[in-house]
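So the structure is just underneath, and the comments pick up after that.
Labels run A, B, C and D following the written order; every chain starts at residue 1.
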Amino acid sequence: MANLNINIGDLQLKNPVMTASGTFGYGTEYSDFMDISRIGGIIVKGTTLRERQGNPYPRLAETPSGMLNAVGLQNKGVDYFVNNIYPTIKDVDTNVIVNVSGSEVSDYVATAEKLNGLDKIPAIELNISCPNVKEGGMAFGTSCVSAVQVVGAVRKVYKKTLIVKLSPNVTDITEIARAVEAEGADSVSLINTLLGMAIDAKRRKPVLSTITGGLSGPAVKPVALRMVWQVAKAVKVPVIGLGGIMTATDAIEFMLAGASAIQIGTANFIDPAVCVKVIEGIESYLNDNNFSSVKDIIGALEV
Amino acid sequence: MANLNINIGDLQLKNPVMTASGTFGYGTEYSDFMDISRIGGIIVKGTTLRERQGNPYPRLAETPSGMLNAVGLQNKGVDYFVNNIYPTIKDVDTNVIVNVSGSEVSDYVATAEKLNGLDKIPAIELNISCPNVKEGGMAFGTSCVSAVQVVGAVRKVYKKTLIVKLSPNVTDITEIARAVEAEGADSVSLINTLLGMAIDAKRRKPVLSTITGGLSGPAVKPVALRMVWQVAKAVKVPVIGLGGIMTATDAIEFMLAGASAIQIGTANFIDPAVCVKVIEGIESYLNDNNFSSVKDIIGALEV
Amino acid sequence: MKKFILDLIVKENVRVNKQYVLLILTADEALPPMLPGQFVEVKVENSPNTFLRRPISINYVDYKKNELWLLVQIVGDGTLKMSELKENDSVNLILPLGNTFTLPEKKDSKILLVGGGVGTAPLLYLGAYLKENGYPCSFLLGGRSKDNLLQLCDFESIGEVLATTEDGSFGEKGFVTQHSVLNKIKFDAIYTCGPTPMMKAVAEYAKRTNTFCEVSLENTMACGIGACLCCVTDTTEGHVCVCTEGPVFNIEKLKW
Amino acid sequence: MKKFILDLIVKENVRVNKQYVLLILTADEALPPMLPGQFVEVKVENSPNTFLRRPISINYVDYKKNELWLLVQIVGDGTLKMSELKENDSVNLILPLGNTFTLPEKKDSKILLVGGGVGTAPLLYLGAYLKENGYPCSFLLGGRSKDNLLQLCDFESIGEVLATTEDGSFGEKGFVTQHSVLNKIKFDAIYTCGPTPMMKAVAEYAKRTNTFCEVSLENTMACGIGACLCCVTDTTEGHVCVCTEGPVFNIEKLKW
């Protein structure tokens, strides 16, 4: 039996499969469908300093092999998370990781500080790549200067594993990856959604209330895979790959490209039990191909 | 009957439907399937100063709702085009436009100069966005400085309609669009392919000989639509929209987002007669919605 | 309520008319408990244009026959493919999803179920459920013409059926909110599902007459289980998910 | 040759074995002329994983019955969906595509057609075409076991059939290039289609024995008509498109 353990900084994963923020609620939504403690890590909803109502409806457009969302970080704020949600999820026997977002550097810092004290939250993922909010969000992740500011500031106050989630809406993602690595990020995760748009030709209106939204799903997989490949060569910290993963084969492709772990997002909507299937599929692949550890396939692409 | 005429600079199109470079050969390949003179404009293969063999096989990977290609500008060079191909296509009763690529600014200039003399070529499209060549190509289109260099230099020697084809692999496409507009481009066309990658998990090898390739087809439509929307607001010259157009409805979406004309690429492979269907579909839409001219829907999105 | 991912079997696909099919699904194992107002998320196979699951209301559950009924209106590729399902085909569902209607306290309440178009789908199961629990109810169904009134016989077997058609081909001529019963009887509870303009008109009537009223909303959905936050509606409590806090809402809570 | 986009009708879908089906297609109008070695591009419907058309060789054309035969090996989603086509289903094809084999000048030439796996598909039509034009030919077919030798009866009705199987269950045991006939007879022309290693071995034999030899290549294709330049193979003349300058190539031209 192949060993599926993977470490991301100090974070110990029982397997490389995590859930992508914003697609898995707080985990409990999926517990009817599978044993969620089997998942390597659960990255919960984007959390901000203060409560956010998110964007108006409609927030969703279906696209060829994908979807656009414009949720806009709806959440009840970090205090509510700490007081009301954390107690209900802290005993899930896996890593619960909080995805943190903000409109100002100080928001990120304040939110990270509050999460730093939570025993059962071993890591946070800094979302500097949300395309669906007017201020902050993606703006931080599309220039090295601002990415460095926010990561540097959070690194000072946050002592556990710090993952930084990168935006694909950039000319050179390796530049940003290297910049946040230099600021002390323990890992980078990519990709967040691609900025896209849908139009209803009949009504001559945008489908989304915000006109543009974030594209996810299999449609983006080729772009995500390319970026993971580029970033894995550019940085020394472990890379977490995501974008359009639907099957174990997809997950394996990301790991071959250089990802140490992967996240599953949109696929959860199509099959709420997909995470365990991917874990099992990776295990079979390793066994069938005589790999003793999942580490053996990280970056193992023959080029 | 709605009027379908559109002008792009001095270029007069009988309708806004063109074919995308590299997907329609020299046009004649499709003449068994439809009357190609009905198409508004035929943009022929990427042409370079000297003959190019392109990249090794494999050059193609199928992806969810799309494909990756790594052709790498295989063509026999501009002299061969002028002497051998031009004579066979110059009498097609539509606009034949040459897509021009190069590895150095001087290549672009020399190629454009040779094409400037051809009577029946009313326009060229400068490809500063090919992701499949090592030198030049996309590199020119991902920084304002280099885009300005090549467009400025070609503008000096090329007197007819100059279209510049933009790369979507950038942080801010409007910046590049404005820069090339300032250098005298008569129009911008977008998007070229998104840089992507495909992996064969079984063989643990990249699918393409070049590892990465260009993503096209419906998968990229949401990104293309968003970029056309952004660029149409940012520049005054007409915008030509493309990326994943399969149907008349798709084409209309691009025009509502601000495109004055559109190009059809990958869809030609699925249905070699798609261009005339799109033309007819646009005409029906205009008639059904009481628009007297196709110009009425350009940028007519209600936001 | 515990949710399941199940592969059900098509027992029968009844062509109701050009636009509608009734899918009668079954399974080897007993179907789990489901409440009126709840819905399922259908995985559509063989449809390149259908990436996400499709939400469909629970039209009826026959526990004795172990049948789940879905009434499907063909509007796009996803529903078209559902309508082409054949006997013994397998179809993957997540169920049961969403909340349910709030029943009145008193069994002798005057209850009206108002439906239009495919919105009548959840009302059949609601009516049957009310009846089973000892609540008599009446139906007020609206459509463009008689052809658009679906499952009339099924409704009639449960309670009184009132109707309006725009062309007068059945029941009273006009819209549901113009039906004479609304001037004659003061109902204790109204439950409604149908096109938004219809539900808004019903809600207005309920507010005017101070009647308890719940509406069942539609919305575009991705997950159906409260994970994605794509399906919100604006309420007095802010944005809430239609898939978990709805689809059934008291009109007092909506910002209509 | 003029190319067409045609909707053909499935007249019969013959299950050859677990891995193979034979699609017999027809049309109301007379099928256009097609040559051996040419192929069609099939549009696969209802398959979310199949975006591009799929190239399939012309297996046989029966102009009298107005039938086009396609022999399909199920390897992925596209060919699986093709294998599920039912009588009277419509299937959209672009045809005829590619070049053809070069026939010898002399009718009494000794001709051998060597095929393996699904690569025997174009050889049936080539054999029939040769026969019709007065050229006798022999077939040398290879497979893992007898089950893998397809359409044996059809081949036998055209000419002599020699075979090799890896397990010896039919013909001689071994690979096609080990067949004894190759040591006994000096052929004037060899045409081959099958797995690349097999074709390379045949080409080597042909070169060694100085025999005229054409191979039919496979390749991943997008357009099938020479427009996209995705399907190149490396030749003495540089990169050329398999879909237009092939699929049939003289081995002298290939860089094997």
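Here is the rule we go by: contacts are C-beta pairs under 8 Å (C-beta built on N, C-alpha and C of every residue); 3 or more make two chains touch, one makes a residue touch a chain.
Bear in mind that the values here come from a model prediction, so they are computed numbers and not experimental data.
**Q** Average the CA atoms of each chain to get its centre, and name the chain whose centre is farthest from that of subunit A.
**A** D
**Q** Can you compute the centre-to-centre distance for subunit A and subunit D, using the mean CA position of each chain? Integer Å is fine.
**A** So the centroids are 48 Å from each other.
**Q** Counting only Cα atoms for the centres, state how far subunit C is from subunit D in Å.
**A** Result: the chain centres lie 55 Å from each other.
**Q** Using mean CA coordinates as chain centres, what's the subunit A-subunit C distance in Å?
**A** Distance between chain centres: 36 Å.
**Q** What are the residues of subunit B that contact at least two other chains?
**A** Residue numbers touching two or more other chains: 61, 63-66, 217.
**Q** Two or more other chains touching the same residue: where does that happen in subunit C?
**A** Answer for subunit C, listing residues that touch two or more other chains: 48, 51.
**Q** Touch graph of the chains shown: is it line, ring, star, complete or other?
**A** ring
**Q** All pairs of touching chains, please: list them by chain label.
**A** A-B, A-C, B-D, C-D
**Q** List the residues on subunit A that touch subunit B in their complex, please.
**A** Answer in residue numbers: 61, 63-66, 68, 142-143, 169-172, 194-199, 201, 203-206, 211-212, 215, 217-223, 225-226, 229, 244, 249, 252-253, 256-257, 285, 297, 300-303.
**Q** In the complex formed with subunit C, which residues of subunit D make contact?
**A** Checking each residue of subunit D against subunit C gives 46-48, 51.
**Q** So in the complex, which bits of subunit D are touching subunit B?
**A** Touching subunit B from subunit D are residues 2-5, 43, 48-53, 94, 219-234, 238-239.
**Q** Which part of subunit A faces subunit C closely enough to touch in the complex?
**A** Going by the criterion above, the answer is residues 22-25, 29-30, 32-33, 45, 53-54, 56-67, 69, 71, 74, 217, 266, 268-273.
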